[in-house]
Each structure stands twice: as structure tokens, then as C-alpha cells.
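Just below is one structure, and these are the notes that go with it.
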Amino acid sequence: MISVGIVGGTGYTGVELLRLLLRHPNVQVNVLTSRTEDGRRVDDMFPSLRGHTDLCYSDLNIDELKKCDVVFFATPHGVAMKHAEELVAANTKVIDLAADFRLQDLEQFEKWYGMQHACPELLKDSVYGLSELNRDKIKNAQVIGNPGCYPTTVQLGLAPLFKQAEVLVKPESIIIDAKSGVSGAGRKASLGMIYSENSDNFKAYGVAGHRHQPEIVEALENISGLKDVFDHIVFVPHLVPMIRGMLSTIYVDLTDAGDALDLQALYEQFYANEAFVDVMPANSSPETRSVRGANQLRIALYKPQPKKLVILSVQDNLVKGAAGQAVQNMNLMFGFEEDAGLQGIGLLP
Amino acid sequence: MISVGIVGGTGYTGVELLRLLLRHPNVQVNVLTSRTEDGRRVDDMFPSLRGHTDLCYSDLNIDELKKCDVVFFATPHGVAMKHAEELVAANTKVIDLAADFRLQDLEQFEKWYGMQHACPELLKDSVYGLSELNRDKIKNAQVIGNPGCYPTTVQLGLAPLFKQAEVLVKPESIIIDAKSGVSGAGRKASLGMIYSENSDNFKAYGVAGHRHQPEIVEALENISGLKDVFDHIVFVPHLVPMIRGMLSTIYVDLTDAGDALDLQALYEQFYANEAFVDVMPANSSPETRSVRGANQLRIALYKPQPKKLVILSVQDNLVKGAAGQAVQNMNLMFGFEEDAGLQGIGLLP
Amino acid sequence: MISVGIVGGTGYTGVELLRLLLRHPNVQVNVLTSRTEDGRRVDDMFPSLRGHTDLCYSDLNIDELKKCDVVFFATPHGVAMKHAEELVAANTKVIDLAADFRLQDLEQFEKWYGMQHACPELLKDSVYGLSELNRDKIKNAQVIGNPGCYPTTVQLGLAPLFKQAEVLVKPESIIIDAKSGVSGAGRKASLGMIYSENSDNFKAYGVAGHRHQPEIVEALENISGLKDVFDHIVFVPHLVPMIRGMLSTIYVDLTDAGDALDLQALYEQFYANEAFVDVMPANSSPETRSVRGANQLRIALYKPQPKKLVILSVQDNLVKGAAGQAVQNMNLMFGFEEDAGLQGIGLLP
Amino acid sequence: MISVGIVGGTGYTGVELLRLLLRHPNVQVNVLTSRTEDGRRVDDMFPSLRGHTDLCYSDLNIDELKKCDVVFFATPHGVAMKHAEELVAANTKVIDLAADFRLQDLEQFEKWYGMQHACPELLKDSVYGLSELNRDKIKNAQVIGNPGCYPTTVQLGLAPLFKQAEVLVKPESIIIDAKSGVSGAGRKASLGMIYSENSDNFKAYGVAGHRHQPEIVEALENISGLKDVFDHIVFVPHLVPMIRGMLSTIYVDLTDAGDALDLQALYEQFYANEAFVDVMPANSSPETRSVRGANQLRIALYKPQPKKLVILSVQDNLVKGAAGQAVQNMNLMFGFEEDAGLQGIGLLP
């Protein structure tokens, strides 16, 4: 049993971490912080937890966090980087669900997040926590930058194409039309997020620029080993009137080599040993509800036109896109079974 | 053509007033105020109005409002009563969609709304704007207190029973189990109102006490001429994951006289000449979508057990429960056709 | 490990049983039947199960079912009673999620379900499977009639009042205003159930009579030992635009004795040792999402007026109201931990 | 006043036609047919119409239809073409909301709709009813093929680019990622359409091929005068958990000429005189709710990357995408004001 702390336990990713960790066989959650709810029982705030825990919120106390084996930051951007060095010095591992340790490019970080990085040295040693692609590095990491939700669907959706000897696709042709449920925007009082503004409605947002674009670009560069070719990919996110769920529809132009290959077989092989990535049979249409509450990403492939590939990549943004992937990373870091605490079957309907 | 002002044009009742008034044949909207959006085009904020108006928001300027024939207050409680006397003195009529002119009982007003009334004398002369029951008084009113949404469903649902020579029901037995869409809570940044907190969810709220309870009690006393018998009625509102719509399920114990009567016929006769109250045939189940966007209230009656009456009363909370009824009152006050601007058919689906 | 069969594996209760049983530590699902999908993999139909099972549907084969230790019927009414005798003779236990073994009153059964009972003798020996109230009988039962969803909320909501020496409430005053998500209507092609007919809409249904009314009456008679006093209770179900979740708002008149008691304490004591019934603190408002996917029923009490009690009783209709309760019964019948396979925390949001 | 008939009055487009035509100043609806509801009052089926009409359904009687000035077919594909010749011979105009008169290419029609065309000669004389692009031909047409919902968003979204002397875009680069509310699938009992299968869910469908693809191709050829260059455009529709609304996100590669132009100005000029096409200001994000219930299509443009144009095109699929556009066509055919009966402001929220 390791001792776990969660900083920021009143948001959706925080309570989702709790849902997973309170039933995890190797873990004891000992610290749960909140700036505003100090002393309050967490199950008073989230009655779904009644009967499962006696935890109370406490103010962030770095000494208490240092006693933990690992601390998750389910906080706004910029919090984890303020505490990470001290925690690492105390031999406490850090998993940040915000963006502090996602981008290695400091300039991009400052441009998109509007703040200077607090610990650039530690950032260099940190590991980008996409378990399936960085498994070995994650096992030895002290600090994990847990991927953004959209970038998770895109990377796992595209990785098999860029891990081949041949050039299968034209990287500059990539268009990502992404759709997310509303919980991706977090749990905060905001006019744009209220029910009557979002229900029975659909729209694009962030078309002129979204923070996940530089993360996608950097990640694809790392996956492919190619530089500069992803700078002009197009990424348009949309907001779906549903709570959980994310679907990225990815369009790529195939090269002749890519067009000639059996890409369905390629993907199936690539993910054959992955518990949490499911390549669906040809002609499938992955639905977000098929992963509701589950740490699972499902992929389907189509070639609707010659030399055109469409990749459908679906996940629960709060699980594989956030808290579940964070737990998966923790499992790797501590040598637990990778699927420990993550075996639950999603709710359908 | 009369000149109309709207104070508070950024909330849902304000924009609903605009939707109705911009197509009203006898009306020109000349003033639209907002504390926060001064100078902004209203169709920039609400693109559904693009092509229908060039109106801009302005700060509340009492002199501009005095030039109007009538001013609607689609504001929080306590605003209309601060300006009503000055407007009335300038011969400008006032229709308040908040609670300032709903309760004649000052003590109740102060208890439930936490403020002193600013113009008790004017309150006495004001008229409670339930068009169907107070038509004659409304025609001559200078100030209208537009009814609350829940109280509208309850009064129109119960009125026929209390307007008879005989005692048909036991007033102390009344139980109102009411359900409202989320737009009833207004358009404001509030954690409890965000999409992910309300979608795919159902709950009661305000069970220990709701501001519409004293309004219902006072209104039923006025309708029936009975005092003290409604003090202990039970009113439990619930929140439905939908934008618009309200259904009150009202339970009453019948007297022997009430049990013996043909209540379906009684209701049909009572509302025979009302354009906006529809008594549905026996065994109907009025759905909220049947009145979506329409100034219409529909009623159905059931006697599931001997001497038990169940009344289903349904409306669009933003129309017959707010903006539509306000326009209906205006029509009465200015001698327009009562249904002018209110003939639109609701959206189904 | 016991061997389990599920008859009717294409409906929502069937797939919910699978979700729970595939992760149950003491159980192996060996048979899953469907009239229409013989030979098809269940995870082809329900991709949320991909990676969790290799089960295929088969036609109902009574010899295969006899090899099971227990068979769940997640079928329309009238199926289980045709096979139960043969299964019991083979020492296979039966848990019916439909109505065949709910009502002991054959006349009522025939009136409300429009069919003759196929095995009245076995019905007499069957046990009504409300785990909390019938635990001892369930342990020794061969055949269980799993309660209806509405009756579960009502019985657990009212039981503490009727298990006292004193008469606390007036039984004839009971009014149940119940609200259910749409999944309660099952998974079938029906015009009234399609999305555009139900979304953004609210209505009552079955006001003139609903099959769960006689079940509620019989159950309350059994709980209280009182006859004839519940015949005229009022039960009005409503349809909420959400998938899962059920809230019953129950109104009762208290006697002087009931009014004098601390009912909050009474309820808390009554359910003190129950894992799956949660009496919330005073002034709570149980939300359906607090039990989404969990085998949990939550209760809150209010006294909004003297001698009036309001009971709010909430559950996931597919779990505590159907499949979860069925698994809870199975656990009791086979001596497993009562919460085996039922410890999952619900999804919030 | 002209006399109007509607064939197929029980589907969503039929009842939407009624909603618009019952308040149209120049029209009297005299015939409303249904195969299944002969003799039933339409407001019994759709209570939203109570108080607005006394119409009853009748069986399709060609002699009654011939007395009409115009007949709308809100029927499945293949119905209108069986009756159109006889109606035209009787000088009755025909507006088909299904696909019978959309495709001039008979081979494509037979391939995608699985039936032979019943009146190829009349088809040649029929006019494709996209009002903004075919206004003059529509004015003189006897038979109108009302466009499909997706093709309407695509054509109006792309037309300005293809009506220029210069080549602005690479036609073969077009990718259409389209999203529709569920009402687009019609009003029929179908398992895939029920509430619990669609709510809180998102998916693509028809990726391997959708009937609107050949319509889009043929239409773009007609608009641009170019042949063969659109054959390989990619069109992927998705299903959004909302009732009404459609958003197409269209991606095109610009030529150098296109990249150099002020496309925002180009679009604004192109649609400057169109009442029902709204080019929103730069950086707008058109939401489906901004056109809910309104005969309006809104467009916004983005250039997120060099030489990449993203067009957002939004409408209410039942109005501008179906019934509203049909009424607009009727207005043109009979010389009414083009916006007669179509001035209603959409519901927001």
C-alpha cells in the first residue's frame, strides 16, 4: 500500500481520481486538499462517495504531502510546478494533470499558458505520461506530465502511422475535428458553461487557437522523430451537449506506400498487447458511451476515398483523457499491475 | 405603436421579451438596458436576434425610460420598486417580472426576499398580473406584478375549483409537486447551474421553503376569498434536465360535493373563452414540449382514486410563466388584441 | 465460483447484469440467451464489454440453463414462469427481474399483466427479493421475484414508519409522485421512446393506472401487516429526460405520535447496518447522479408543514432498482458477501 | 390565399410545415394526408397545434390534392415521384422534401436510393430548390426537389468560393465534418433512435457512404461548372445528442489566389441581400441554438493556418434544412414575399 495525496479535490478530475483510487487495491488516499473546503468531508460535497471514505479536505500542507509516495495535482495550470521540486526532493513522486509538465518547449508554454515556468530544470527530467508510448520512461520518472485529453486521442490515433520505416502519410495534411463533452471544461462557475447555454446546442470553439495544438505538435514530433512538418496541422474542437466523452475525427492524406498497406492490420498489431487501446473491427463506429467511465480508448479506421484515411478515436475525457491515465501512470511508476484499479466496465447506457 | 423599454436585457426573460416584442405589431422597443453591456449590440450577445434588430444596450437612464409608454423590468428582485414611482409619475406604465409587486403582505415580502419594500403605497395600487383571473383590474393598472412561474401553473390549475358556490375541495390538503426546467434559475454564472451538474440528473430543491410558497398562498386566498386555510399546503419544486418547461402535479382531496361534480366539464366551461389556457380532453397527459415557446398553459385532470383529484398543469416557464404573460398584460393595459404578438406555435419537437 | 445464466441478454437490465457479474469475484457467466442474436458475440452488440468477455448469445436451451447454479431472467413478463419449475427441479435457482414472481395475488397479476400465471404453486414458495426487508427468506429461496423499480424506492422509503409499535402515519394519505429516467422503459423500438420525443421534455404517464401500484400496495401490506388501508394511495409516475435515475417524492400525513417522534433518528437507526441504503443528513436533497451506476438508494426526510412528512427516495433504476438488487439477492442466496461485485462507486458527473 | 396540401403529415418535417404554414398570411392548408391516421385530428396527435387548426388527417386522395395550388411531400423517398406527373398535369405545383427530385443523375439515384425513378422526364424539368442559388428557376418551376439538410449547409457554405472568376480553392481537398441533431433521422420507431441510445453519446455514422454525398457532388458541380473534381471529397456525418440543429465544419485548401483574397468580405458581399443567410463577423462561432426554429443559416470563416480555410455553417435541420426552405421555395413560386411566414425569431435558450 502506497500513500497518496491529491491536490485539488473539488474539480471533476479530482473526484474522478478519488472514484478510481478509493477502490484501488494498492493505494491509500491520505491527503486531499482544497483551498476553499478545508475541514469539510469530501462525501458531503460529493454524496456519490458516501459510504466509501471518511476523508476530509485540508489546506495544502507541503509537509503532509511529502509523507505521501505520490501526489496528484488536479489543479489549474501553474500549481504543480510550484511544489514539484520540494516534493521530488522528499522522494515523493508527482503526477500533474494540468499542463505544467506537458510541453518541453518553454516558449510555447509561456505563450499559451501566460506564465513563466517555475522549474525548467525539473521539466527537462519530467516524462510525458502517455503510458502506451512512453512506458519505459514512465516507470522511472519522478515527475509526470499527464497528457491533455485531446492530445491523447490524437497521439494514440496516429502513432501507428508514424512508427513505421516507410512514410505512410503526409504529415502536413492532418486535420483534427475534435468533439468533447462539457465536463472537459472543468467544474467552475462560468456563464458559458451553464446548462441552458449548452444543452440542445452544438458549436465549435477555440478555432483560432487552442492550447492543445502545441502539445499535439510537440508530441507528434516526438513520436515520429520529424521536425517542422506538423506546424500547420488544423485542429478544431467542438462542444457536445453531453457530460463525458470525446471523439476526434482525424483526416490524413496517405502516401502511395500508406495507401497500399493494410492499415487495419497495422493498427491491430501495434496495439495488440495494450489493455486500454482497442482497435475496433473494420466498419465500426466507436461511440463515446462505449467508454463511459472506463479507462479505454477505441479506434476505428476508414478509407472513404482513395489515399484518404479517417481515424475515429474515442475516450472518456475524464478517465483515459485524465484521471484514469494518471492512475495508469502511477501503476507503472510503482510496479503495480498496469490495470490495477482500472478494470471497471463502463456504463452502457 | 407604443414605445417600450426593457430594463435588464441580458437574462433569459429579457431576451424572451425581445423575441416576442420585436415581432409584436403594436410595439417599438426603444430602450434596452444592461449594467454591464452598455453600448453593445444586443444581437452581438444573442446572435439569434441577428437580422431582427439594431438595438444596443444602454445604461439605465430614467429619463429615457420615462419617454416609454411601458417599461418591463426583467431584473433581479428589488430593482423595479426603486424606479416605479418616478415612472408612474411620468405616466409610464410598469410591468415587473420579478417579485416586487407580487406580494401584498409586506411582512412576507421582507421575510422571503430579505429587503424592505421601497414603495409600499404604490404596491397597494399595483395589480397582480395573472391575466385570466384579474383581467379587468389589469386593464386599468399602472403597475403590474407579473406572477411567478410556479404560482401561474398552480393558480390556473386550481382556480375553477375555488370559484364555485359550493366547497369542492379541502384546501388544507393541497400538495404541489412541481418540476421546472433549468432556465427558470436564470442566466448567471453559478456552479450549481453548470451543464455537468444538471444534465442526466434529477433532484428536488427548496423543500424546506421556496419563495413561491407565500405567493401561492396569497393568490389562492384572493381567488377563493378564504383566509388561513392555505397556510399549510405543501409545495416541493424539482429540477428537470431540460431548458424550458414546467409541470405542476397538484393533488387535492375532494369534498363529497366535489366528488359528485363533473370536474372536466367544470374546467372546460371555466376556460372556454381563454385563448391561452387549454383544458385537454380526459386522459390526456400534457407534455412540456407541447408549449415550448408558446404562451400557453395546458391542464389535464385525473381522479385516480375516490375523492382524490390530480391536476396536471404545464407551461413554458419563460413564456406563459414569464415574458409571454407580461406581454399579455401589456396587451390588456393598452387595449391591444390580447393575443397580439403571442400567436406563435410552439416548437415540436 | 458458481455458474450463472442470463436469459434475455439484449435489454438494458441484461447488459447491466453483465456489467456487474463479469467483475463479480464468485461468479462465472456461462450462458447468455437471446431469441434474435444467436451466435453473435455480446461485445459486438455492446462494445463497452470489449476486452471483458468472449461470451456469445445462444438460443434458450433449457438443458444448458439447468447446468447453471442460478439463472437470471431479464426478459419480458411471462417468460420466467414458463421455465422456473423445470429449473428448480434441477436445483437451479431462479431470479426473475420481471413481474412473474412479484405479486402473490393471482387476480391482480392477471388483471395488470393480462396473462394467467403458469406456476401458481411455485409462486407461493417464491420470495419477494427486497434484500433489506426479506433477507432471511431470500437466503433460503429457490425463486426470487426481483422488485419493480418504483416499488423499491417506495418500500425502502416507507418501511421504517411501518415497522414501529405505534401508528406513525395515516396509510390512506400516501401520495407517491415518482420520476424515472427513460431507460426504465427498456430497450426496444418504440415511437414514444425515441430521442426527439423525450429530450427537453417532461410529462406524467400512467396516471390512470400503473402496474407498480398493486405491487406497492401488496408490499406495504406485507411490511406493515395492515390490510385494505393502502388501496387508495395515489401513485403518479413521470418521465425525466435522462437515461438512468429514479426519484420518488412521497407525501404522508403523520399521526400525533408520528409528529412527535424524531423521524430522522428513526430512519438512521433502521438502516444503520445496511450497506445499500443511505439515510442522508437532515436538509439533504438526494440527486439521481449520486447513485449513477451504484447499487445504492438514498433517502432524505423533510417536514415542510406540521404533521406532513416528505420522503425523497432516489436510486439508479437499472442497479438498485433492477440488476444490482438482483445480484444482491444472488449474494444472499449463495452465502457470498452481500456487497460482492457491488462495491463500485457511481459516476459523478 | 392559395390552397395547400401536405402529403405525410405525421413526421417531423410534416408537423414543422404545419407550424409554419398555419401562420402564413397567404396560405390555407386544406389537405393533410396520413396512411395510418385517417380521420384523426392533427392536434390530437400533436397537441402543440391545439387552438391553431381543426385539420384532420385523410387518406391520400389524388383528386383532393389536384384541387390544391401546391402539394408538399413530407414523405419517404419514392412517394412524390409516383404522383407528381398527375399533379402537374392538373396545374398543381409539387415540392418534394424527400430525394425524388434532387439528383439529376439517374444512375446515382438508383444506386443510393435503391429504386428506379418513376418519372425521369419530369425530373429533367424539375428544379433543385436551393432558393439562394436557383431563385430564378424556382420562380417558374412546377416541381421542386427540396435540398437535403447536409447539402444545404455545404452548398451555401462553399458557393461564394466557386462563383468567382479565379480559382480560389482546390476542390479535391474538401473535407466536410458534419454534425446533426437526432430529429434529422425522422420520427419512426427504431431501436437506434431511442433516447437511451443517443443521449449523453456522440458518434460518427455513415462514414463508408451517405446518400447526401452524391447530392453534394452534383450540386457543387452545378454551382462551379466544374466536372469530376469533387468525386473524392470526404464527407463524415456525426450524430449529436440534441433534437434540432446541424453544423458542418468544412475544410478546404486555398490556392494562392484564394489565400490572397479577403474571404470574409467576399462572403459578406455574396450574401449581402439574402435574408436567410447570415455571414457572421470574423471570429464568430455560430451555435445551432442561434437558429433554433428559424429559417436561417449562419456562416463563419477561419484561416487557422496558411492556405487553409475552415467554414462553419449552421442551420436548424428541420427549418432551413427542410420545411422552412420548402416554404421559401413556395413563396418564390407564387410571387409572395420571400420571407412570408418565415419571420419568426428562433428560441434562445
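Just so it is clear, A, B, C and D label the chains in written order, and each chain counts residues from 1 on its own.
Criterion: a residue touches a chain if its C-beta (ideal position, glycine included) is under 8 Å from a C-beta of that chain, and two chains touch if they have at least 3 such contacts.
By chain, UniProt protein names: A, B, C, D = N-acetyl-gamma-glutamyl-phosphate reductase.
Keep in mind it's a predicted model, so treat the numbers as computed, not measured.
**Student:** In terms of CA centroid distance, which chain is the most far removed from chain A?
**Tutor:** B
**Student:** Return the chain pair with more inter-chain C-beta contacts, choosing between A-B and B-C.
**Tutor:** Most contacts of the two pairs: B-C.
**Student:** Averaging only over C-alpha atoms, locate the centres of chain A and chain B and give their separation in whole Å.
**Tutor:** So the centre of chain A lies 46 Å away from the centre of chain B.
**Student:** Indicate the whole-number Å distance between the mean C-alpha point of chain B and the mean C-alpha point of chain D.
**Tutor:** Here chain B and chain D have centroids separated by 37 Å.
**Student:** Would you kindly tell me how far, in whole Å, the mean C-alpha position of chain C lies from that of chain B?
**Tutor:** 39
**Student:** Can you list the chain D residues in contact with two or more other chains?
**Tutor:** In chain D, 12, 181, 183, 187, 196-197, 199-200, 241-244, 286-287, 289, 292, 349 touch at least two other chains.
**Student:** Residues of chain C touching chain A in their complex?
**Tutor:** Touching chain A from chain C are residues 12, 15, 19, 22-23, 46-52, 183, 187, 199-200, 243-244, 275, 278, 280, 284, 286-287, 289-294, 296, 298, 343-349.
**Student:** Show which residues of chain B lie in contact with chain C when the two form their complex.
**Tutor:** Where chain B meets chain C, its residues are 175, 177, 179, 181, 196-197, 199-205, 207-209, 232-236, 238, 240-245, 247, 249, 251, 283, 285-289, 292, 302, 304-306, 308, 310, 312, 314, 349.
**Student:** Could you pull out which chain D residues touch chain C in their complex?
**Tutor:** Of all residues in chain D, those touching chain C are 12, 181-183, 187-191, 193-200, 241-243.
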